[in-house]
């Protein structure tokens, strides 16, 4: 018994430096872990098939990850406040179709205006979700499950069997993916900008930090005077706008648009965020992690065919990865908690 | 059709222990004889029977908002108008078999006289089609057939042989008769796709194509993004690829879009089945030289006439019967109730502007 | 800010404030004046309405009647943010920290120091945090996450947070409950310096020595009503207690003498790393044993482990000689242990369920016939206990949340007594309930011991411990530091052991 | 039969007027979510019968029941899972994996009787994986079942690929959709009713069911009451997996086609139906009757709109709106009432 107490007793310092390092390390370990997995995957694939790192292939990979990354960033912000938005796939579809429709019906409109309109469609969808969750205090899972159907239905109803083809859209718009800086395609740069901006905002601004506070403990957030409803509303709007942006980029990249665009995307997006270390019950995680998660999922999708793995395995691998990721998170939290407990001054 | 992959080792192994317990008791196994529940069309055809006015002719495409079917069914509407029937188009918003079933049931419940359907899954819709038949509806399949017991006639957009040879001719000519090629198909269990792929392989086995090698077949699930990604994967995995054949409109358009923006443009030939509107841009910018397709509008038009003729009793679906199909002229019912629309059309820079679909 | 003219209106006052929750009148006509440069004590029993009053001042609750005045002007606090803007800082009884965020962010949430472009200046924030902790004389790393902090450290963070406001009105709701002697002293010096700078401080504590050492005036509340306000100099502990209780104190603890039987609960060498170690004791039939100590000493954790809620690393628990498997409450119940937990709302009751369902929750299987439960049997079983414990409730089908704290506690007791336990563990059995019910609970415990139950009582209220217990076990930092028979247990001896000064027994 | 309508005791009437009110049993029953769902169901059935040609026929109700059979089956254990505050999003994938395994086992020549049993065992195993991850590993079920949703569906593709196995004997496929003799009602309705009674009794009239509400409302208090919280949840996930695979066997035979993508996306329909039926997503509240009402309501609306030639786009708009409104409305009413009472609930 004395042995036990001897390890507990001596610290006079409250939650010592060990704890600081632990706290910070968890996050870094988490993100480095994904990065490592990503690097490993790329390395193995490249060894098997050197073509994987050809400039064309890298460009394709980045382009492929663009949409998921942007969506994962928005979704992370929502999840950090202890909510979830399942309607992103439908929102993306709606905004992509809106973008195409505008090109068809008002060919004179300049491209930036059309793109902005597409983003705005997403913003409106996000605002609807946000208002229902924040003002009507309805669980986000229920609301966005409902709007998942509703937005999709509106898309179908609007499209009414029409399809918008690449020929309906201006070449400069469709050529967005071909514009590249240092061999990085423009849409990937947009995604990068989104990630950095969101990460910067969440890390360095009061209202950004308050999102974490709201997700960490909504009651306590109210007590310290944080306008909780507004902080819940805002990420939904941002997420909607980002889904809108993703819709515009989708239109530019794929050219062919109908009402089914983005179907079933929501779970992939949530998966990317979760794999990236964003806790499903809010309060922790970063958009950098989520972006890495999106990269990882996309890379798996691209690497499996190259590794000559039956593509049918892809989904199973992704599922396994999600479970491993949340299991790992749990393990890290438990270990950290144990270490922090050991470092306490009292309670020993 | 049932050549399933040999993945079952895994399942078998995990469940082996449990099987030993239960397997001993015997039961219904695959070898057992089984009566199939098909109802044969009976009765004599009366070529002079009047087609009644107000026939309810309903079109059930694979998916409601699929532009290919939206266009095709304008032909159906045209036929219904000429026949003074009631045209209707219903369908699920996602292309899966089970949701088509509930629409078949609904149509049958509404007492539709003719159901024209493109089956998502040849088997899953079968029993409900038979029930609809028993309830008095005439079943015409178009684009994608079901089992022949489950429908009266099938409007074949083009014989598989025609489609296969046309595509093989196009690709062989464009790649200069030698090199690696690959197929980008829709779903692996789409009946028509598989038939075409098989025939194309047969055709390519001929001596004149001895220098052409098929290195891969990938599936884009008739999903734009998936097809796009599969095309990208194909080109990366096979650096020496000379050409790609995509016998599906969604796949061809997606592949063309990928190709047009990639470094492979000009080096890799692409052809297959596509719609003029989707492909116009890529024909103009040189990504694609030529491609082929039947006219889906005529296909649906023919289906309307076939259905009406069946409903009126002009034909019964037996081999050798003939009927009049409006502006398309006379058609004959072939073996197994198949009615062939005609040879596919090849589109290229010269004629593509003449079509608008 | 400092030398205000005496005529200046008080920075904050309450005038005739009333607040009720459903049937429960938490506050009725309470008036209170917090003057600049004064530390004002608020005394009252648990359930007297102190916490509701605090939350009203903090802007969490809006009064049904009456008003809040800031500098003499009627003001409405629509939200905690409003109260903060008016210069009110609150240290709550239970820390309300964000476990995922760093200590520094917890302190400065919403008020982080900014650098250029309205960005958060982390360096400045950490430095400010260090300065706050230096004033409190503790070292907690500002960057570490709040998750995993001990309750005392959490409370220190709360105090630092309140200090960081430079508030004109500082409310401290039992801030010392979890603190050690030196930390309490530092807190007091901080409170005094704030007072000397002209702030109004409201101090709530159950420790009269603290109240009398620190405060200038004392307001007493009872049952949601305002009773009195007097300068400290004119009061004695006795008068305050009498006002708080509203009757003579000695009627409260009707402990009867009982015969002790065999040992029913036997705990030996119980250890959970970092929480408690080498805890051993036994409880006999007919005996009430109190487990005393400061909050955070590990008492609740011990009884939770005994009952099987938490696991432990070493040690054994025996009931009537038979070893109990660990980590299985159901096994503990089968062996005849009942645990009335510390947190009634979180652990004792399912607040949304009806009274009768709560009361019968522990006897689901016993009440079912052929595996099916009938409403009738549940109703009858619940009625029996409602009668026996004189539960004051409208309908047994009403949600248990509609009851007052005392009646809720009766439901918890009913739920456990219905299992006919041999060993009854009660954790803070009278926390937050009214005086009348308190006496009832004490009488009941005494009566149960008389019937031959072994009773283990965790309590932070010294009078209750001294009045009820046959034996007192005192815990300090996870260890039992003293075992005192009834005759030797005094306030001094218990507090001595609880603060870990030395082994007494 | 009906719970006795006890006259309020003297104490009740003597009390000052109470905001939440002393309401009669009837009033209380009428105020529940399940009664409003059932009410909405009756109204929509009535409206559809009057307004939609061909709705009110035996044949059509047969179609309707077959359409919702899988959702109804899976919704039963899902209700119990959600009442405990958890969720199982992997059910549709479990169904798909079952279907794929069923097809593959049929191909290698096992008898269907054996296959059916094996499939149920498989479902129980898949459910147990979910359950163990949630209970033993302590992971949030939402995330876990999103993961297994992808994983099980992926395994289904691994096992059967994109192929379909469709040569099941007619005696089985026809049998799956067979009607009860002399009625237009498919026999599966009987199975649904039997299982609904079993799950209904389990939830509402057994000690086990009581503990589910306790767990869902406050799982700490449940643990302190001696309820084996983790074991209970594990059992529920196993039940959910087993019933999902039962639905998988049925689905495969109903459509006569074993495919990996069977019932893709069905989990959202199930969850939507359960939530529409008045079960709280946070656990602790809900009744099985309401869920059955929710399933039937969605099925009825879908069927009626289809018969009325309303396009499928409208269906999803209606479904989504209904779901949101069904949750927003009671919330809004409650808040308005609370405001009228002026007393805020104690936090």
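So that you can tell them apart, the chains are marked A, B, C and D in the order they are listed, and the count of residues begins at 1 in each.
Please note the rule applied: a residue touches a chain if its C-beta (ideal position, glycine included) is under 8 Å from a C-beta of that chain, and two chains touch if they have at least 3 such contacts.
Treat the numbers as computed from the prediction; the structure is a model and nothing was measured.
Undergrad: Where the contacts of chain A and chain B overlap, which chains show up?
TA: Output, common partners of chain A and chain B: D.
Undergrad: Of the other chains, whose C-alpha centre is the longest way from the centre of chain C?
TA: The most distant chain relative to chain C turns out to be B.
Undergrad: Return the chain pair with more inter-chain C-beta contacts, choosing between B-D and C-D.
TA: B-D
Undergrad: Mind checking the centre-to-centre distance between chain B and chain D? Centres are C-alpha means, answer in whole Å.
TA: Averaging C-alpha atoms per chain gives centres 36 Å apart.
Undergrad: So, what's the distance in Å between the C-alpha centres of chain D and chain C?
TA: 42
Undergrad: When the centre of a chain is set as the mean of its C-alpha atoms, what distance in Å lies between chain A and chain C?
TA: Whole-Å distance between the two chain centres: 42.
Undergrad: Based only on mean CA positions, could you tell me how far chain A sits from chain D in angstrom?
TA: 30
Undergrad: In chain A, which residues are in touch with two or more of the other chains?
TA: Within chain A, residues 152, 156, 160, 219, 259 contact more than one other chain.
Undergrad: Among the residues of chain D, pick out those that touch two or more other chains and give their numbers.
TA: 158, 161-162, 265, 311-313, 316, 347
Undergrad: Touching two or more other chains, which residues of chain B qualify?
TA: Within chain B, residues 64, 93-94 contact more than one other chain.
Undergrad: Considering only the defined contacts, which chain D positions touch chain B in the complex?
TA: Touching chain B from chain D are residues 53-54, 57, 59-60, 63, 66-67, 101, 103-114, 117-118, 121-122, 158-167, 169-174, 177, 251, 255-257, 259, 261-265, 302-303, 306-307, 309, 311-313, 316.
Undergrad: For chain D, which residues count as touching chain A in their complex?
TA: Per the touch definition, chain D meets chain A at residues 133, 137-140, 142-144, 146-155, 157-158, 161-162, 260, 265, 268, 271-272, 275, 281-282, 311-324, 327-328, 331-332, 335, 347.
Undergrad: How about chain A: which of its residues touch chain C in the complex?
TA: Within the complex, chain A contacts chain C at residues 1, 4-5, 8, 13-17, 19-20, 22-24, 203-206, 209-210, 212-213, 215-217, 219-227, 279, 283-284, 336-337, 340-342, 344-348.
Undergrad: So in the complex, the part of chain C that touches chain D is made up of which residues?
TA: The touching residues are 20-23, 26, 55, 60-62, 64, 307, 309, 328-330, 332-333, 339, 341, 346-353, 357, 360-362, 364-365, 367-368, 371-375, 392-395, 398, 402, 415.
Undergrad: Chain C touches which residues of chain D in the complex?
TA: Contact set of chain D toward chain C: 3, 8, 11-12, 15, 18-20, 22, 201, 205-211, 213-214, 217-218, 220-228, 284-285, 342-347.
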